[in-house]
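First chain written, first letter: the chains are A, B, C and D, and each begins at residue 1.
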Amino acid sequence: MGEIVFEARGVSKFFPGVKALENVSIKLTKGSIHALLGENGAGKSTLIKLITGVYRPDEGELLLDGKPTNFFGPRDAMAAGIGVVHQERNLIPRFSVGENIMLEQSAGSLFKPIDYRQINADAKKWLDMLGLDVDPSMRVSQLSVAKMQLVEIAKALSLRSRVLLLDEPTASLSPHETIALFALLKKLRDEGVSMLFVSHKLEEVQSICDSVTVLRDGHNACESRSMAGLGRQDLVKLMIGRSEQIPDWAARDFAAAPPVLELKDVATPLGHQNIDLTVRKGEIVGLYGLIGAGRTELAKSIMGLFPVNGGSVKLDGQAVTIGNVADAIHTHRIGYVSEDRKQEGLILMHTVLDNAGIAIWRRVARKFGLLTDQSVRVTAEPFIRKLEVRTPSLNQIVGNLSGGNQQKISVAKWLAAGVRLLIVDEPTVGIDIKTKAYLHELLRDLSNSGTAILLITSDMPEMITLADRIVVMNDYRLAGELHNTRDYAAMSEGIMHLIHRVAAA
Amino acid sequence: MQSLWRADWFGPLVVTVVAIIFIAAFNPSFLSPLNIQVLLLAISVNMLIAFSQMIIIAIGQMNLSVGAIGGLAAISFAGMMEVWGLPGPVAAVLALLIGVVAGFFNGFFIAWTGISAFVITLASLSIFKGLNLAVTRAQPFYGVLESVKAFGATTFLGPLPWLLIPAAIAFVLTWYLLNRLPLGRHILAVGGNAHAAELSGISVPRTIMAAHAISGLLAALAGICLVARLQIGQPTIGDDWLILSFAAPVIGGAVLAGGHVSTVATVLGVAIVAIITQALVLFHIDPFLVQVVLGALILWAVGVNRWREVRVARSLKRI
Amino acid sequence: MTAPNAATRAEGRVGSPRFYLTNEFGLLVLILLFATIFGLATSGFLSKFNLFTLGRVAAINVMIGFSMMVVIVTGGLNLAVGAIGVCAAMMCGWLIEDIGIVWPVAIVGGLALGAVLGFINGFAVVRSGLHSFIITLASMSIFFGGMIFLTRAESFRELPPFFSAFGRLKIYGVVSPLLLVAIVVGLLLIVMYRYTALGREMLAAGAKPEAAALSGVRVDRIIIICHMLSGVLAGLTALLLVARNGAAIPSMAGQLGQDWLLPAFLGPVLGGTLLTGGRVSVLGTFLGAVLVTMLTNGLLLLQVGEFWVQACLGVLLLIAVLIDKARRTFLARRRIV
Amino acid sequence: AEDTKVALVPGGPHPYFSAWEQAGKDAMRDFKLGAADYKVPQKWELSQQNELLESLVTQGYNAFLIFPGDPVGSVSTAGELADTGAPVIALAGCLKDPSAAAFCFGTDTGNSAYLGTKELIKALGGKKRIAHFTGFLVDPNTQLRIDAVEKAAKEEGAEVVQVIADIDAPEPAEEKINAYLAAHAGEVDGIITTAWVPAVVSANALRKIGDKRIKMVGIDHDEVVLKGIKDGFVAGTMLQNPYGQAYIGSFAADKLRSGCTVKADAPFKSNALTNKFIDSGTVFVDASSVDNYVASMQGITKDIMATFADTYLACK
């Protein structure tokens, strides 16, 4: 192995009621990509924050080039040549892409006039390197989540750090964007940069990482060992203590099942045209498409958030007009798991219980709308348990949970709500493989008990595992439909074919 | 044209122009040199008051003590001339210094304790106003130097009041600060997302202190200008700045949560309020109805800008 | 009774270590601390008369704080609380004096006007998408100006003796019924935020409107309801002031009702209600208002030089929040929590 | 007597009342009072004044001279003070009848405005268009002043062409008055001001535009107004007598505490608020008398003091 650039030795970090990390060690070597793996809440992000000076370790020490160091804040780490892309987005929304990327450069000299032309030119360089074609003078708030993610990566690259920490950088990237990123990371490795890479997508980890550290419950399950000889199942075992079970679900036939949702020739002011879509009782219909295809917007139109201005929407055979989300939920019993849990899925400053219960308050309330925690708990808690949410108590603030656990809450909320149609939008982004499997089982169970499910996901394996039928959408129109044979190669080829046929036409 | 329509200042500008045309059509004396001078006088000082708050809005906080700082600087300025017989410029510099120190006091406590700016500036409002009362015993200082009085009362190039000069300088510097200097960008960055700013290596506490010091400086400058304009050092100076200080930036599209203010649009916000106030006098509105009309016109002004914003938002699609 | 709200529920009940970190506990400590100091340093602080007037003044400040708090919960604010309050009080006075309606109905009439004016605010906020700051800034002018225009600034004082008797009543010689009203209103608000779907939806809508809406909360309607509630509470506060002053007077909240703005924000902010919405503390608002009222009263009794009172009040306020900050840092350092 | 502790409480911090402080000290010395202290509410707010008054009771003050924060709104507080056995006198401004105040001792604001307007019209000679600048509308005195000016103008065949109110703070006063003069200076011959701040601001404005054609009558004795009179920019001012109010008021309060009562047949005047009004005197001062305005105020005080006890009080 090469020379050790950075080392954390026996570090611990405690939060009120939570031991996030205990006696954890890791070594990063020059010119390598090091994987950091673990379930949701294992402590990966916390470790990264310790390394970058956001938190200070309660125990243990950090060594840079073998010498103990103390970081009193992010600036110290930055000055020591450590760059980071955090799991959460950290951009200034009103600033331009270019200024965001180059913000660190101005931090030193408060009165040296800013040369925007220079900034944009510099930023462009980094954007090009990532293959990201956006105008650096554009406002960040106008970008999609994926592009923001890339901007943050560009921002970290612009520091030309010796150590680069990437906390789930690919969570919201498309496969295409991921490939470009990996090419770049490999190039940096060859230039001698030492990188730490966090991801729940094991294929990615296996394709680019040289060594690996696994965390389990805040402890080292393995420390800085070579990836050589480690297979997928070995990694899984290190992470969750047992091997992965791949479900082998029987094919189901819904020809006879009554339709729950029927869209006929639906059009929206957002641009949807001629949408014909049926979801039957107990069926899971997958809606696949590339990012930007208009799937989320279609879901929101069904929910009454955006108007439908053409065609007809039928629920259980009845034509309906859904004017607002509250009606969709309370009158028509449709639920929607948002792809954007921070903005639309959760109320981060409120507790686990309040988040899990929000959709059922009205239902469980008694006379005068009176309501107790107990009555909410009775209904909501089983689902929180089922998803194995890692939280010290139901009264924990959701914002303090790890990303994956937050995602579980935003799903649990709808399981508790008991809807007849559930629309799930990218439900497993950032979720670890164990939970993902649970969630898949749960959705399958839910459909078995009669709930109709419309599944939006960009995760092809997930789509093929779960969906009974796959509808492909491209540029706000339906491109075709496939019966899911669960044959991965054939299905993914079929889907891509549908997408490109339309694109070519 | 597109970018014009998108600019924050476009809505207020349209409102301002429409208001001027409308009023002048009914009352030509509105555009008389004397009237323009009066209008500019009001705008000059109110602009400084609005900037003083705008800087703090930019960083995502509130400064309830702008008026108290301005008042303290004003009576210090007048008092130093009357009691110590200091020359005008020296007194002015010292009064500005008092403003900076007072602002820094706010910023220091906010940054150091992490207690909300609202609470800290509320407490300091009491302290600064209390010092004012303790010094003046609610009596004005009359000993304002003739040169200062002349500065507040005379004009150049026709109707342009000399008081426009400090305001104009403050305008240019504030614009430059917020649009071109790292310090100003840091203020906006902290206002837009303090955590992200911190992670980008910006010192949040230092930025907060700097913003408050600048706010104090601008408030003090406003106080000094008011002494020149009113010709006496009134202890009540600053008592009712608060509402205006927020109204003008907000009319100018400032986001109260922080991270976005517009210097140009704020000036137009100040101008709109001044024009409306003056129109109410010009048109002999029943004094008992003045407040009703003022409220309605402010709603109209912000409504126009809001309408533009909604249109702009619709035309921008995420990419 | 601890913090009656969604967020602080997470922070612990009485006795649990986290309780000692809450704002409410901190305020309680400060109140006891300063009460002891004033009790020792002045002769009259603990006299029956002083405790009575202290409670009565505090009651009004608490109520003003509540009327603002219920809108702050949504992340908005209501600068027109004072104007609405005065309008409601004048309405009540007018109904009694000029129309000859019996007082209970007149009270309902006043409160109803408060609700209507609150509705106008809420409706305008929701429909225009403008920040409530600017809407209520304008409506403050409009409501107050309308009231002054209609009444020509004349007071109504031919009220049933019941009103001023209520304002002067001393229960057990020390407790003002005004204080009891404030306590009852506080308890009702606690029940609302903690034990009703409506109250929780208010908090959800304030914390993250997008997420609340996608969870089935009718955010617009909730915001309007909050403004109406604010109007009613402002009206009720003004009616208590009518009882205290024995008349409905246009100047009872100062020019444009602006005299209420400071107490309106003080209680909630000191009490831990977030200005950005989504977190509320009814008890905190109550204690915050009581603390400030007590500091003012104590300073007046200490007879600091007449023009120095305000400066000293500011310093005390600063000291109070610093003590509180130190307490939390201390507890956190020791990992007591 | 020694055990009398008088509190002199204005409506808020305002230069008008500053003479009360010295007057209280003089009264304490001259009449051997336990105290005659000037106590100022920190802000011009009714609730602040009420809080202050309540705390003064707790502090042991037992005689109250109050400028009512509101003529109606302060009645209830005055009642509570009287309930403690302390005499209450409304000073400089009146409480609306019925109230617990022994009487009201102050300027008859309506009358003062009336007389001032007459003086203005006299100074104007033939020209008869006047503007009226006054204080806060929430202060009912403002309506009285508006009416009185209107009445005096009508009697003299003059016209009130503009009323600007709500300008008791310097900044808005400056803005509105200047705006008015800029646009309408040609349409007006005289200005009457009936509150302190508008008087100061108008005097300055006239000096600034250098207009001696427009005649102005002010109110009170602010240096700016007095200087305006000397320099010919202001025709005159309606002086009030704050010193005398506090001095004689302290004397009367002490008497009332030590067994005197208000005479049943005292020759009170009445005004719009009360039937128990005693005029503390108001004089018109113009260029000829401005140099000894202090003397004229002292003169009034001496005159009132000389007969006060005999005229209004019945003592054993």
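Simple rule for what comes next: a contact is a pair of C-beta atoms (placed from the backbone, for glycine too) under 8 Å apart; a residue touches a chain by one contact, two chains touch by 3 or more.
Chain identities (UniProt): A = Ribose transport system ATP-binding protein; B, C = Ribose transport system permease protein.
Everything numeric here is computed off the predicted structure, so don't read it as measured data.
Novice: Quick one: which chains contact subunit A and subunit B both?
Specialist: C
Novice: Quick one: which chain's Cα centre is the longest way from subunit D's?
Specialist: Using the mean of the C-alpha atoms as each chain's centre, the farthest one from subunit D is A.
Novice: Give the chain pair, either A-C or B-C, that is connected by more C-beta contacts.
Specialist: Counting C-beta pairs in contact, B-C comes out ahead.
Novice: How many angstrom between the C-alpha centroids of subunit C and subunit B?
Specialist: 29
Novice: When the C-alpha atoms of subunit A and subunit C are each averaged to a single point, how far apart are the two points in Å?
Specialist: 43
Novice: List the centre-to-centre spacing of subunit B and subunit D in whole Å, with centres computed as mean CA coordinates.
Specialist: Computed value for the inter-centroid distance: 35 Å.
Novice: Between subunit A and subunit D, what is the gap in Å from one C-alpha centre to the other?
Specialist: 72
Novice: Residue numbers in subunit D touching 2 or more other chains?
Specialist: 13, 40, 42, 137, 166
Novice: Taking each residue of subunit B in turn, which ones touch at least two of the other chains?
Specialist: Within subunit B, residues 130, 133, 137-138, 288, 290-291 contact more than one other chain.
Novice: Which subunit C residues reach two or more other chains?
Specialist: Residues 148, 152-153, 307, 309-310, 313.
Novice: Can you list every touching chain pair?
Specialist: Every pair of chains in contact is listed here: A-B, A-C, B-C, B-D, C-D.
Novice: Quick check on the complex: what are the subunit D residues that touch subunit C?
Specialist: 13, 37-40, 42-47, 50-52, 54-60, 69-77, 79-80, 84, 96, 136-140, 142-143, 166
Novice: Enumerate the contact residues on subunit D facing subunit B in the complex.
Specialist: 13-15, 18, 40, 42, 137, 162-166, 169-172, 174-176, 178-185, 197, 200-201, 204, 208-209, 222-224
Novice: Which residues of subunit A touch subunit C in the complex?
Specialist: On the subunit A side, the touching residues are 14, 16, 303, 305, 324-326, 328-330, 336, 338, 343-351, 354, 358-359, 361-362, 365, 368-373, 395-397, 413.
Novice: Within the complex, which stretch of subunit C touches subunit D?
Specialist: 44-45, 47, 49-50, 53, 57, 60, 148, 152-155, 157, 164, 167-168, 244-247, 249-252, 254-255, 259, 296-297, 300-301, 303, 306-307, 309-310, 313
Novice: Along subunit A, where are the residues that touch subunit B in the complex?
Specialist: 54, 73-75, 78, 84, 86, 90-95, 99, 103-104, 106-107, 109-114, 134, 138, 142-144, 147, 155
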